[in-house]
Each structure stands twice: as structure tokens, then as C-alpha cells.
Amino acid sequence: MELAMASAIGILTAGGIYLLLRARSFDVILGLTLLSYATNLLIFSAGRLFVGKAPVLREGVAPTLDHYVDPLPQALVLTAIVIAFAMTAVTLVMAIRSRGDNLSDHVDGRRNDPASAAPQPVAASDAGGGSAASQGGDA
Amino acid sequence: MIQIAIVGSMIVVGISMLLALWRVVRGPTVPDRILGLDTLSIAAIAELMLFGMYTDTTINFEIALIIAVLGFVSTVVLSKYVLRRDIVE
Amino acid sequence: MIKRLLPSPLLTLTVSGFWLLLVGNVGPAALLMAALLGICMPLFAARLDREFARIGSLRRLPKMIVVVGYDIVRSNIEVALRILGPESAIKPGFIWVPLDIRNIHGIAALTSIITLTPGTVSAELSPDRDYLLVHCFHVEDPDAVIAEIKQRYEKPLMEIFP
Amino acid sequence: MNPLVVLPILLPLLTGALVLMSERRGIVVQRLVSWLGVSALLAVCIALLVQASDGTVQVYLLGDWPARLGIALVLDRLSAMMALTTALLAVACLLYACGGWDRRAPHFHALFQLQLMGINGAFLTGDIFNLFVFFEVLLIASYGLMGSGGRRARMRIGLHYVAFNVMASTLFLIALGLLYGLIGTLNMAEIGLRLSEVSPQDARLLQAALGLMLVVFCAKAALLPLYFWLPEAYGRAPAAVAALFVIMTKVGLYAVLRVGTLVLGAGLLSGFAWQALLFLGMLTLLLAGVGVLAAARLRTLVAYLVLVSAATLFVAFALQRVDTIGAGLYYLAHSTFVAAALFLLADIVRRRRGRAQDWLQVVAPMPEKTLPALLFLLAAVSVAGLPPLSGFLGKLMLMQATPAVDTPWVWTALLLSSFMVVTALARAGSRMFWRVAPEGDGARADPVPWVQTGAVVLLLGYGIVMTVLAGPISNYTRAAASQILDPAAMIDDIRHSAPLHREPSP
Amino acid sequence: MNPSLEILLALPFVMAVVVALLRDVPRGVTAWLAAAAPLLGLAILLTLTPAVMSGQVVSSQHDWIPQVDLVFSLRLDGLAWMFAGLVLLIGALVVMYAHYYLSRQDSAPRFFAYLLLFMGAMLGMVLAGNLLLLVVFWELTSISSFLLIGFWSHRRDAREGARMALTITAGGGLALLAGVLIIGRIVGSYDLDAVFAAGDLIRNSPMYPAALCLILLGVFSKSAQFPFHFWLPHAMAAPTPVSAYLHSATMVKAGVFLLARLHPVLSGTDLFFYLVSAVGAITLVMGAWNAIFQHDLKGLLAYSTISHLGLITLLFGLSEPMATVAAVFHILNHATFKASLFMAAGIIDHETGTRDIRRLGNLRHYLPFTSALAIIASLAMAGVPLLNGFLSKEMFFAEALDIQHHGGMRIAMIVAAFLAGVFGVAYSLRFVYETFFGRGPRALEDIPHEPPRWMKIPVEILVVLCLAVGIFPAWTIAPVLDTAARAILGANMPSYSLAVWHGFNLPLLMSVGGMVGGIALYFGLRRLLDLHAIMTRSQGRWLFHLNQEQTFRLASRFNKLWVNGSLQRSLLWLVLAAMVAAGAPFVGDLDWPQLRLDNLPALGWLLWLMLVAATAFTVRLHRQRLLAVIVMGVIGVIVSLTFALLSAPDLALTQLLVEMVTLALMLLAMNYLPSSSPPEPSALRRWRDAAIAIVAGTGVAALAYAVMTRPADTIAGELLARSLPEAYGSNVVNVILVDFRGFDTFGEITVFGIAALVVHALLRHSRMAPEKRMPGGPVPLPVPADLTQILFPLALTVSVYLFLRGHNAPGGGFVAGLVLAVPLLMQYVVQGMASVESRFAFNYIACIGVGLLIAALTGLVPMLMGYPFLTSGHLDLEVPWLGHLGLASAMGFDIGVYLVVFGGAMLILSMMGTVKPSKRKSSQRGTIQPSQRSPRTGEVR
Amino acid sequence: MNSAVEFLLVALLVVSSFFIFVGSLGLVKLDDFFKRLHGPTKASTLGVGCILLASMGYHALLGEGLQPRELLITVFVFITAPISAHMMAKAALSLMMDTRPRLPTGKQVDSQGVHVEPTDDGGEH
């Protein structure tokens, strides 16, 4: 069981890191998502792996680690899942805004995708004078 | 005997999930993949119920319930994406 | 007053029943909560209601359930056999089923039933709601299929959702 | 238990929540709420500093659970000082933002307050997972502050910043998972205690976990080779935000110091990694100096200055002496204020110079330059470590405290980086302020509200106070250093702090 | 305690501020205010003179930062007294001169403020009784001279000159600081008296060479010694009063002052002798030679200054008592004649509009009086008898001839001295002859005439001093020289006589030879070469420029390569750093853990297989984004099932729900992103990344395996035991979330809420074009709409159920919040945004705020009752016919969670679903032809 | 009693796993999307339904007691499965504009559900 879990974590990590190092924002986000699966499984398995010992107390069963699995890593993973979700949302929005504003979804703003051939926006003005709405995406 | 049947069913359902996964990765069309995912989640309900019997608890009920109530959301948003690209119009 | 407090008694009943099923007991606390939810949820849901379709007599409902249940079992076996058999023996096809039922709840119920019954999937409703596109796993006589659908499902549904 | 300890976290949170609910009432109400919150925060932080200055360690058991079961906040000299630094900085940043940016950036006040909550939480918590959570709070708020109201290049930089930090957080989680799997507890004091009794078999696994954690902290604190994200991110952030961000590299440094002493302080793992940090710190110092020379815009230049100060602090902390850490802490507060002041100043310059912005190459005049030039001079002298301001004193203390073995390299790195900074700042200053207006150049001078200049004056004023009161302040920082270098006492304090009404043990 | 030293030092600083603040007073007042500082200072100094002359050291001390031994200690001994006098006297004259020199456009308040600042810094440096304090003022002189040199900031040469001066001198200052710190380490104190007492200790210390070299770096850079000399000529871009001040008496003399200051402790070693005298000699000759070829009056004077400073340095380097006396003497003499010459040059510039020797000439007819003054001062510079320069030059020749024990050095020094004498005469001659005699002036705008009376007075005073010292040295300068030199030499003070006539001796011969040689050289050169045509280029400047610009350019190029702002590089380094940090402990002896393949049921292997396959295909399909997202959905389901099977029902629930919402988010985002990633140009890079990924994955797997197979030792037992009796919940995971570690959850929902705010802030005002448009308006989905509408209240019921049960069974606020949000999302999807928003207007932002407040208030209530934040309470109610009701206060906290999660999720989803389209771009990107889509990818073929 | 119950439960399990398996098999085996779409309906109706019955029986008779709430799972599956199928079918139809069936009235329906006259170049208008 441990071996399967460890190898699964490893494979998720490897996939995640490979995608993380890609050049397009969406690929990076996919990579981060894979990594977050790996991380969650890893933290979870820090409480060791047991079948059928959910940490929900039952009457007549002594509340000890012999009968229940360690609940703390599960709580940590819950927190981690929620935070990862929040981060994913923000990253996605940054990615689409970056794509919209810079006409490229390359993480470094490189413009080698033939789909968008419009001129590069002037780099200097990023401070947003006036209402951003009116100037938002206009190059 | 019932234990054997449960374990056997778990394996059969597991294989069904594997087959569904095969459709997901194989395609060939996008709706095929969506269908595979949908099938997978339905099979997951079955797997969870079997597992509950196997370990003699009902602790997984909430999970199965959630898949039943909201599992279709993934299918719907994916289909809507194929249909319109904009899933919230 | 009652109408405004309980816009849909059927929904109230459903929700309350759901609650009791969920908590698995009928103690006073559960009943109180069920009542509370039964009142609140429909009010909440009513805000999303787009077409206030009427609900008619529920007399035909039990029979309907039995029919559908029987059909599901029957066609399940039938389709399973066809899947296991040679694929060349399968003759799939699309059928446009002309609809007489106008109530949107009824149409929804009809599409659901068609889909739930193995062998047929309702794929599309024409924009004017006059036709329902049904894909059949194996069809030899389209008109028979149409007739069966109209007879077995649409008719009782039109009574339930006039 | 002293309820004041939790207030640096709660006050910004409540303020943030109230701001959110009052957003529809307009900017004035938001500002009012925000200022009330920050003033209260400042008062609380001052009180905490006074309380901590006598050397007692205050432990606050949240939920009244014993430290090992629940989450404990720990207030010692170091955390009190960090919280006060943050509060002082926050006052100036808020002042600057109220000059107009808060109108342009949606949710500015809420995000600002929640950012403060995250920073203070990171400084006060005594629980390693809770530290992660507060890291995330401050990071996500910083994403918002960075992106809100921005466009174009800032979005790309923002994406860079976010993705990098998300990956760092992932590493943090991996480290935490391994750590918990081996040690079985999350309270820093407990971990410190258990680490000292760990079997040699587990030791290397623990080293791996803690190594990962250090990598994360170093990434936040921008140590070589993990600083690439910083120059652009800080250089592009809105001024008030960039100024506030200055404290964030310090959060990473704080974490290095805290975890490095409290967790790694005793037993098998002591001394682990400090040599590497020292070496990388010096290298970073030099490369950051090169960056200062290379910067084409004033804001980027200031960002590299932040890097210089972070690297200096790495050196100071890695030397692991009471005197070097004490000097480092003094330098930490100084560099926070002065770098923040420079970010604000750079913004003022940028707006005064019209289209030329803060590009250093461009020949463009700057109208009404006397006051900004004077402030820039003060800030530059201070940040370059020239006498007589706080930067000089901080560097002097650090150089004096450097142990003889490390002296040649440390001094060389410090002085060389200082030299590069002087050179670059002389060039920047002369290009910014010593241009005269050619006729007809269409420079449009954005008016700068007095509150914004006031914010710069305030920050530089902190630096001057630090210069004048250098004696007592450095006494305090040294005391803080000796306190954190004696983790045994602190571990004892934390473990034996009793809940109010619960049983301490089953 | 006598505060006169403090007042003396404070005066210039105070007056600088006063002058700077009083910007609107008439110029005369400004000048008088500025002059007040040196004049009052001189008065104070005068009161202290008797004590100093009698050999006392006047001192005072104030603590500043005792921890680093930085004491504000002032100390007036003979040397300090002499320098203070010089600084103040020449300062007063310069103020007077500057008042007439500055033009209307120049801001007098600013000028005088800088000047006084500089004066104060100089005073502080000479008065400092603590080496660190000395360094402080040393660097202050660098900074203030930067401002002075760059005073005419509209001129390029001024800006460059100022930067050059600052870079060189402040850089030297840093070296000096290091040197001083080493001295402090050797001595254990920075107090000058303590340092003086530790001369032998210092010279014998192994750190002595380092300290000496570092201090000399400071000295040489400040006093423009070779090879740092080149900043000085470029500092001539400053207004002439500044040059007169900085380059005669003050700035450049700071270096030699320090040399004199530390002479007792540093000199006396061979290293000192060779280093200092050699550098001095080179500077002496090189400066003098270069001076001959300058066309700019001030340039000539600048090189002459360099040369004279070399002479002083050389004298100090000789380390003989008499040489030291000569050095101090020459400091005084040089200050007087050089200041007057600069002022004279300024007058010429002022009256003729040029300083170019080639355009000047015959000025004695136009400015007879000024010419006379300048000629006398030039002769002093040349070392003509009866002028002060002659005396110190004679002493220098004598000392060069008197070098003992260093044969080669003696000859070199004599040659250098002689050459310097020759060159000195030559450039002085050139200055005099080509300015005041001969033909000219050429191409001037106006006919020059004498300047205002008051402008000449400073020059007159200085020239009179030159004469007085030159003719009556014993009566005028002797006591001063004695006082100053005694402070350096102490008991080693030699006996000497200051007389104009010492009889015929070798030094006199050298002087005469120098005169003759100089005259011959000048006229010889004139005959052989066209001096006017020779364009000398400042090699130093060129080098400095080359260096500095090159440095900036190199730095910038390096930085662009190294810190290129690439996320890919950032992430790569982060991954590599993590791999190194986690791998380092295992380098050397890696013991592979024993692998066990037992105890995994068949189902587990099936799940494993699915997870692995799904991961592999996610990576494989990642360029087709929609496909990758679908495959990743499988991973979510499998991970969730894994959690369920391995006893973590809460995790499984949460994972499932988050999965659904994430999928929706990704699809919403994909509408605004390209549908596929272009192929990557570099296969090498892909393989590299794959290798890194595999190594990292293996590493993580190994670590995870090692940890999982270790025996566990956790505090969890206690959590389990105390969960029910003290926290009143049997779902221990939930109890941890809302009670034991409620503070984490608190942070977590804050993160969630902020994320929603961030999304809102980023999208509210932005307009974005969808990547590709589908033709037509929103598509109606009547059947799904109807069905989801039926589902909606039932799903909400489930949400309430999960919320209420959470404390004792899987569920809780977070899950319930999402179960509330997801059905609502469904409504948005099937009914359309407008339809839902019109019926279901909800302020999600306020919802987040209220949620956070409720969560906080649940924690605050126990605080009001004296318990810590978030302490949970429990209420056991016996309600008449409802029976037993248990209420944990943690439920209140969970309500906060519920609201934040619901509000946050909905805010995020609705913002992403309602981005305002940007009309301009939609036309660029075009629409999708439904008939041209590929069923395989859903994209246009 | 017990063995009869067990036999019944085993039978239910066998039936359900059979249908689930056949459904997935169909998903893999059949060669056209619309044919495959019929496979999973078996899983969601008889397959899941029988397992739920088995589970209820198992818990009622051999385990923790009657769990009527498990019935709800079936109810929800029956409500939601048609939505999924309908949406997937619509999605698939939208990707086969040229081969999708025409209305009996002869009109074409495009992905927006709008009647359009059939033209040579597909659904453009």
C-alpha cells in the first residue's frame, strides 16, 4: 500500500514539475494542480495508511489510535486543498488578464504565437491612469 | 460468500472504471471523453457503496450522495464548454 | 397568504421528506427542522422559477412509476445483450418525436424517462418545443418507437402536467 | 494570558471585514475604518514591544488548548519588534495610498488590512503549519495588492509572482508533510524538543524536510538563486504596495531565523545549513549590487536595494552570533523603512517626470524637485550605508560583530556592494534631479498630494529616529538576538504555559 | 565642561540650515549669515589657542552608540587646531569671494548651505577624537563635495565631475572604514588617545598590512594620489569658490590630514615608507608634468594641486621627523597660494568670460592689480625665494637628500624632487606668461576690467600671507607650525630653524637648478612644440568613463542574461534548489528503504493504475487543454476515492467538490485563453525538464515512502481522546478544524475570501475578448434548466444537512458552503447569467465580510469572558418537547466558514462568468464556424 | 433466513456489477459516440440501483441498521443522469453539424437551437 501511494505521489510530482516548467500559463497551472494532488496525498500519508479506520468516533470504541487513523494530517490536507483552490482561482485570473493585456499566454510575455499579430503594447504605462475600464485591454 | 461477492463486485466495478478511463484517454471525440468521465463518476458511487458494505460502515454515504447530487456538474460544464465555449452566458 | 408562504406544497413535501430520510429519524427535532426547511427551501427556489408550470392530477403517477421501472429493467437486459452481441447487428438511428405535451415540466419528465430507459437517449428539443430528437440504440421501425413513447409516457405525463 | 498578543492579527482582520462591509459607503468611510484599525494596531504593537522588552516570553494558547494540541502564539522581543516595524511601515504606506491610489485599486483597504493580518500572524505564530497558513494569507493579499488596478506588464509580472510563490508554498507543504510524518507534532517548540532526540536514521530525512523548508523561506526572502522574481515584481508593484512588500522579504528572513533557532537550535541538527546561507548571502549581496548597477529604472533599482538588504541580513543571521543577529535586526528595521521610502519617492519622481517616468536614461526634467531631491539624498545616503544615518550604523555594527574567520569575505562583500550602491545611486540621483528642463518638453507633472510626501518624510523620520536612538535600539535588538539564540528557555516557556481552564495533559 | 568645541562644530551646520531656510532674504544677508559661521568659529578657536599652544588637548565626549564604540568625542590638539584654522579662515574668505562671484541665476542660499555643510564636515573630521566619528565626517565631506561640485547641475561636466569625485572618494571612504575597523580590533578602542598609545601594537599586528593598505586607499583617493588623481581636474567644473576651497585647504587635504593624524601609529615601517613615498613621488612628478600642458587655468591649477599633494604625501612617507614638519608646513603654504590662485583664476574667468590660456594674454594691462596678486601667488607656487612656497620646497629638497638606508629610493626621490621643481617652475611660468604677458586677449566679448573691490580682498589677504610667511617665517608661521607638528611628532619633534637663508647648500643648488631648468624647459618647449596645439586627454577620466560606463553596461548585460524575468527560469531554480536541499543529506551513503509489495488489495492496484495512467495522459495531452482538463478530472475522482478508501471521508468530500469548482473555473478561464499550447521549439529543453521531473518525482516518492514506513509518533492520540469530552464533536477532523486548530481554519477562510476579492478586483473593471466566439446569442437549455431547478432546493437541503452534521460526521462548513454554491453555479450555466442575477441578486462581498466577522466574533465572545480567543463552549439544552439539544459554539465559527466559502466561491465564479467583452479585440480574433470544428478536439480544424 | 438474505444480496450484487461492467464494455467496444452513450445508462439505472438496494439490505440486516437515506442517492442519480446525457448529446450534435439529423420540417438546427435553412457552407448565417 505504501509503495503504491509513494509511487503515485512520485508520478504526480514528476508530471506536475514537467508541466510547471512549460512556457504557457495554462500548462503551468495544470502542473501546479498536479503538484497539489501530490502534496495532498503526501501530507495525508504522513498519518500512515489504514483502511476502515475513519477518524469519526463511534460509540463503544475507545478513542485511541488503535481504532482510528490520525486525524491531524487530514485536517491539514483540508486546509491545503482549500488554499490550493484559492490560489488556482487567482492564478487563473492572472493568467487570463495577462493574456488579455499582453496578447500572449507565454509566461514570459513572449509573442511567438502566430494567433495574435497585433503590435506590442507600450511597456511603460502599467500604473493605470484614470479608469482602468476604459483603457483596459487597449494596446 | 457475501464478502466474496462484495470483493468481486468491487473488482468488476473497478475494471469498469478502468474501461471508462480508457475512453477518456482514447477519445476520439471530446464528448466521448466527457462520457467516460461521467461513467467513471457513476461507477465511483457504486464503488463507494460496495466499499461501505465491505468495511461495514456508512461513513461514505455523504460522498456517494454528493457525487449523485452534483457529479453531473462536471459533465454539464464540459458539455456547455463544447457547445458554447462560454459556460456562463 | 398560504399561496405566498407555500408556493409549491409538493416541493414542501418533497423537501421535508428528504430531510427526514437524510437524518433517518422522525423525532420532534427532525420534524421541526423538516417543517422549517419545507417552508424555506421552496421560497428560496421560487426565486429561480422561470416558468410557473401547473401541476395537475397525480393519480397516474404510481402506475407511471411501475411502467417506467418495468421498461428500465426490460430494456436494460435487451441493450446489454446487444452490446455483448455482434456490433453489426445494431442499427442505431435518430428519430424526431413530435410532441403534444406543452408543459415544460412534462417535457423535462419525458426527456428524463426516455433517457433513463436504456436504448433511447433524448438528444435535443427543437427550439419551438415541437419535436424531441431521440437517439435509439437499435431501431427497426421508427414510427413504432414514436407511438410507444407517446402512448406509454407522453399521455400520462400530459395528465400529470397539464 | 494576555489578550493583547492576538490583537495584531485580529485587529486587521476585523478592520478588513468592516471595510468590506462598508465598501458601498464610499472611500471616505473606508479610509476612516482603515485608519482606526491601523492606529489601534500601532498602539497595540507599541504596548507589546514594551511588554516584551523585559525579556518575558508570552505564550497565547488559542482555544485554550495546550501548545502541542492547538496553536500557540508566541511573543518575544523579536516578534514584538517585527510587529512594530510592520505597524510603523503600514502607517506610512496607508498614508501614501490615501493620496489617491486607494481609489483606483478595488478593495485596496481590505486587502491592505488582510495583508497586515497575514504578516503579523507569521511573526507571532509558534506553530509551523499555522506559519504556512499565514504565509498564504499574506501572499494572497499581496497578489491582490499587486494586481488590483494594474494592467499589462504588471499582469505578466503578477502571474510570475503568483506562480512562483504557489510553487514555493507547495514545497512548504511537502516539507510539512514529511516533518509531521517523522515528528508527529506541529508546534515549533515541541518540534525543537523532539528533534534533539531523533534517531540518526530519521535525522537525514528530517534534514531533507527542513532543507526544503529553508528553500521556501529563502525563496520568500529572495536568496540566490531564488531571487529572480523579486526585481520585476517589486519594481512594477504600485508604490504604496511595493513599500509594504518590503517587509515581506523580511518575513522570509524572520522565518529562517525563527525556525533556524527555535526548531534547529538544539541537538542533532544544530548549525545545519548556516554555512551555505552565509556563502549564498554574500554571493547574493554581490549579484544584487550588480543588479543595482544594471537597473534601468529607479523602481527596479530600489527593488535591487531590497535584495541587497535581504542578502545583508542573510549574512548577519547566518553568522549566528548575538552581535551579528542584533546588528542584523537593527539593519532589518532600518532597511525596511528606507527601502519603502525609496519606493514611494520613486513613484513621486515617476509621476513628476511625465512620459519619461522613472527611466534612468531619459533626459527629462523634473519640476518642483527640491524636496524630493533632498529626500532622495537622505534616503540614498542611508541606504548606501554612508554616514551618519542608520544604514551606516547597521553596517558598522555588523562589520564589527563579524567573527575574525569570516571577516575578509564578509567585509569585502559588504563594502563592495555598498560601493556599487553608491555608484549607482549617484548616477540615478544626478540623472533624476540634475536635469534642467529643455524648452517645450511636454512633461506633465502629476500633482503630488502632500500626504504622499508626508509618507516619505515619515519613513525617513523613522530612520533618523533610529540613528539618534541607535544606542537603546541596538540594545534591544541585541537582547532579542540573545533571546532567540537561547531556544531552550523559550521551548520551556512554550511547553509549560498552562491553559486557563483546560487540563494541560490528559 | 567647556562646550566651545561643540559650538564650533555646530555653527556651520546650524547656519547651513538657517541659510537654506531663509531663501527670500537679500543676498548680502545670506552671505553674512554664511560668513558668520567661520568668523565666529575663528573667534572661538582663538579663545582656545592659548591652551593648544601650551600643548593641551581640549576635548569633550558624548555617548552616541556605546555598543559599537562610536563616541561623539571631539579633540582639539595642535594638528586639529591648525587644520580648523585653515578650514575656517579660508572658508571665511571663500564666502566673501563667492558672494561676488555667484551670478544672478545661481541660488545663493543653496550654494552657501552646501558650502557650510562641507565646512562643518571638514571641521568634524579634524576635530574628531574617535576614529569612527572621523570616518563619519570623512564620508560627509564626500557627500557634501558631491553637491558642491555638481552645483551647476545643468552642465554635463559638472554632473560627471561630481559623480566621479563621489565614486572615488566615497569608495575610498569605505576602504578607510574597513581599515579603521581593523585598527579598532587591534587596539580594542577607536578613541584616538588609545590608538596613539598603541602604535607598537598596531605596527606589530599581523593585520597591520591590511589596515595600512585600506587606510591608504582612503587617503590616496581623497587627496588625489596616483592612480586616483583624475577625479580632481574634473571637479573643476564646480564654481571657482568651491575649487578654491576644496582644492586648496580642505577636501583634498582631508587625505593628508588623516595621514598626519595616523602618522604616529602607522609610520615607521618599510611598507609605509615605500608605499607612501613612492605613490607621493609618482603623483608629484606626474601632476607637475601634466600641469604644463593644460589650457584651462583651473586645469593647470588642478594638476598643480595634485603635484603638491604628492609632495606632501611623499614627505609624510619619508617618516622622518623633519620631513613631517616640512609636510605640515607645505600644507599651510599650499593652502594659501593655491586658494589665492584659484580665486584669481575665478576673477579672470569672471571678467573675461574664459579660462582658456590660449585666448588669454596681456591681462596685466586690463587687470593690473589682480595680475600682480596672481603673479606673486604663482611665484610662491613655483617656489621662488621670499615667498612661502620656497621655504617648504627647500625643506623638501633637504629631506630628499637626507634619506638614509634606502639607496635606490634616495636617488629616485632626488630625481623626482628635481624634476618636480623643474616642472613646477615651467607650469607656473606658463600660467604667468601666457595669461598676463604676451599678446591677447583674443575674441572676448567685452573689454575686461578690475573686479569689485571686495572680490579682491580675499586674494589680497592670502597673497599678503604668502609674502609674510616667505619673508618673516620665524615671526609668522613658526608657532603655528610648531604647534601642529608637535601634535604629530610629540617627543620626536626635531629642532629646526625657519629662515629664508640657510647658506649655499645642496638644496639651494637644487632650487636654483630647478628654476633654470624650469625656465629652459618652458621656453624650450614653446620653441619646439606648439603648446597651444597639444590636446591632452585625461587618461584617467577616459579610463574612469570607460570603466564606469563599461561597468554599467556589463552589469546590465549580465543582469539581463542572469535575471531575465523568466518565470521558467525562476521555477527551474526553485525546483533545483529544492532538489539539492532535500537531496544533500543523502549524498554519500544512500540506503534504499526495503520495499514491501504486500497488503495492497486488487482494488488498490486498479486505482493506482488509473491514477498513473491519468497523470501520464494529462501530461501527454497537455497541449490540448480541454482534453487535459478532462483527463485531470479523472485524477480528481481517483484521488477522492483514494481518500475515501483510506479512511478520510471528509477529504474525499472536499476533494470532490473542489474538483468540480476548479473544473468550472478552468473552463471559464479557457474561454479567454488559446485552446492549445504551440509546440515547443526545443526538444532538448523538453528532455531536460523531463529528466528533472523524473528525478524530483523519484526523490519525493522515496522520501514519502521512507516517512510512511517509519513508526509513527504523534500527538493524535490526545486529540482523539479529548475531542468528544472537551470539544463535543465526534468527527475529529472537523473538531480539529473548528476547535483544536480553529485558527488555521480562520486563516484558511481568510485566504479564500481574499482570493475572491482578488478575482473581483482583477476582473471588475477589465474588458477581455473571448479567445474565439461562437456565433449567435446565448443558447436556451429548457430541459436541463427545468431539471436543475427541481434539483436546486434538494441540493440546498443536502447542504444544510452536511453543515449541521459536520461536527459529528463527514461534512462541515466548508463542504456545505460549496454544496450551496455549486447548484447555484449550475443555475448560472443552464439559465444564463442575466436570468439568475436578476432573480437572485446577492452581495457576495458583504457575505464574505459577514462570514469573517461571524467567525471572528465567535472567537471574541470567549475573550470577553476572559478566555483565550476561539475557546469553544458547549450548551446542553433540554427543550420541552424537542428533547436534548447539544450546541457547540464551534458551530458558530462554522457558520462563518459557511458564509465565506459560499460568498467567495460565488464571487469568483460569477466574476469569471461575467467578464465584460472588449469589442475591439473580438473582431480580431474572429468567430468559430460550427461546421469546421473537429470533434476530436472541439476546435476549428 | 440469513442465507436467503445473503443469496438475495449476492444476486443483487452480481446483477449490478454485470450491468455496470456491460455498460463500460459498451463504452469501450462500440464504435460511435451515440451508441456508446447508451452504455452508461445501464450503470446509472440498474447498476447503481441494485447496488443501493444491496447496500440498504446489507446494512439493515447485517450491519448498522436500516439506512433509508441511501435511497436518496438513487433518486438524485435518476434526476441528474438525464441532464448529463442530454447535455453530452447536445455537445456531440454541435460537433457534427453536417451530419446531424434534419427536422421533419426540413429545417436544420444549429447549435444555438435556431432554425436555419440548410446551406452549402454549413451553419453560417
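Here are some notes:
Letters A, B, C, D, E and F mark the chains as written, and numbering starts fresh at 1 in each.
Following the convention adopted for this analysis, a residue touches a chain if its C-beta (ideal position, glycine included) is under 8 Å from a C-beta of that chain, and two chains touch if they have at least 3 such contacts.
Molecules present, by chain and UniProt name: A = NADH-ubiquinone oxidoreductase subunit 4L; B, C, D, F = Cation:proton antiporter; E = Monovalent cation/H+ antiporter subunit A.
The structure displayed is predicted, hence computed values, not measured ones.
Path length between subunit D (Cation:proton antiporter) and subunit F (Cation:proton antiporter) in the chain contact graph, taken as the least number of steps between touching chains: 2. Centroid distances from subunit D (Cation:proton antiporter), each centroid being the mean of CA atoms, peak for C. Chain-level centrality, scored on Cα centres against the all-protein Cα centre, points to D.
The chain pair with more C-beta contacts between its two chains, of A-B and E-F, is E-F.
Seen from the Cα centre of subunit F (Cation:proton antiporter), the chain whose own Cα centre is farthest off is E. Subunit A and subunit E have Cα centroids lying 37 Å from one another. Between the Cα centres of subunit B (Cation:proton antiporter) and subunit E there is a gap of 60 Å. With centres set at the average Cα position, the gap from subunit B (Cation:proton antiporter) to subunit C (Cation:proton antiporter) is 22 Å.
Distance between subunit C (Cation:proton antiporter) and subunit E, defined via averaged C-alpha coordinates, is recorded as 74 Å. For subunit A, residues that reach two or more other chains under the stated contact definition are 20, 25, 28-29, 42, 44-47, 51-52, 54, 56, 72, 76, 79, 83, 86-87, 90, 94-95, 97, 100, 107-108, 132, 136.
Subunit D (Cation:proton antiporter) has residues 129, 133, 136, 140, 143-144, 147, 149, 151, 159-160, 163, 167, 174, 177-178, 180-181 in contact with two or more other chains.
Across the assembly, subunit C (Cation:proton antiporter) contributes residues 18, 22-23, 111-112, 122, 125, 127 that each touch 2 or more other chains.
Of all possible chain pairs, those that touch are A-B, A-D, A-E, B-E, B-F, C-E, C-F, D-E, E-F.
By the touch criterion stated above, subunit E contacts subunit B (Cation:proton antiporter) in their complex at residues 601-603, 606-607, 609-610, 613-614, 617, 621, 626-627, 629-631, 633-634, 637, 640-641, 644-645, 649, 652-653, 656-657, 659-660, 663-664, 667-668, 670-671, 770-774, 777-779, 784, 791, 794-795, 798, 802, 805, 809-811, 815, 819, 822-823, 825-826, 828-830, 832-833, 909-910, 912-914, 928, 935-938. Residue ranges of subunit E in contact with subunit C (Cation:proton antiporter), taken from their complex: 780, 782-783, 785-787, 789-790, 792-794, 796-798, 800-801, 827, 831, 835-836, 839-840, 881-883, 885. Chain contact summary for the complex, subunit F (Cation:proton antiporter) toward subunit B (Cation:proton antiporter): residues 6, 9-10, 13-14, 16-18, 20-21, 23-25, 27-28, 33, 36-37, 39-40, 43-44, 47-48, 51-52, 54-55, 58-59, 62-64, 67, 69-70, 72-74, 76-77, 80-81, 83-84, 87-92, 94-95, 111.
Within the complex formed with subunit E, the subunit F (Cation:proton antiporter) residues making contact are 76, 79-80, 82-83, 86-87, 90, 92, 94-98, 110-114, 121-125. Those residues of subunit E that touch subunit D (Cation:proton antiporter) in the shared complex are 63-70, 132, 135-140, 142-143, 146-147, 150, 153-154, 159, 162-163, 166-167, 170-171, 173-175, 177-178, 181, 184-185, 548, 551-552, 555-560, 562-567, 569-571, 573-578, 581-586, 700, 703-704, 706-708, 710, 712-716, 718-719, 721-722, 726, 739-744, 747-748, 750-751, 753-755, 757-758, 760-762, 764-766, 845-846, 848-850, 852-853, 856, 859-860, 863, 866-872.
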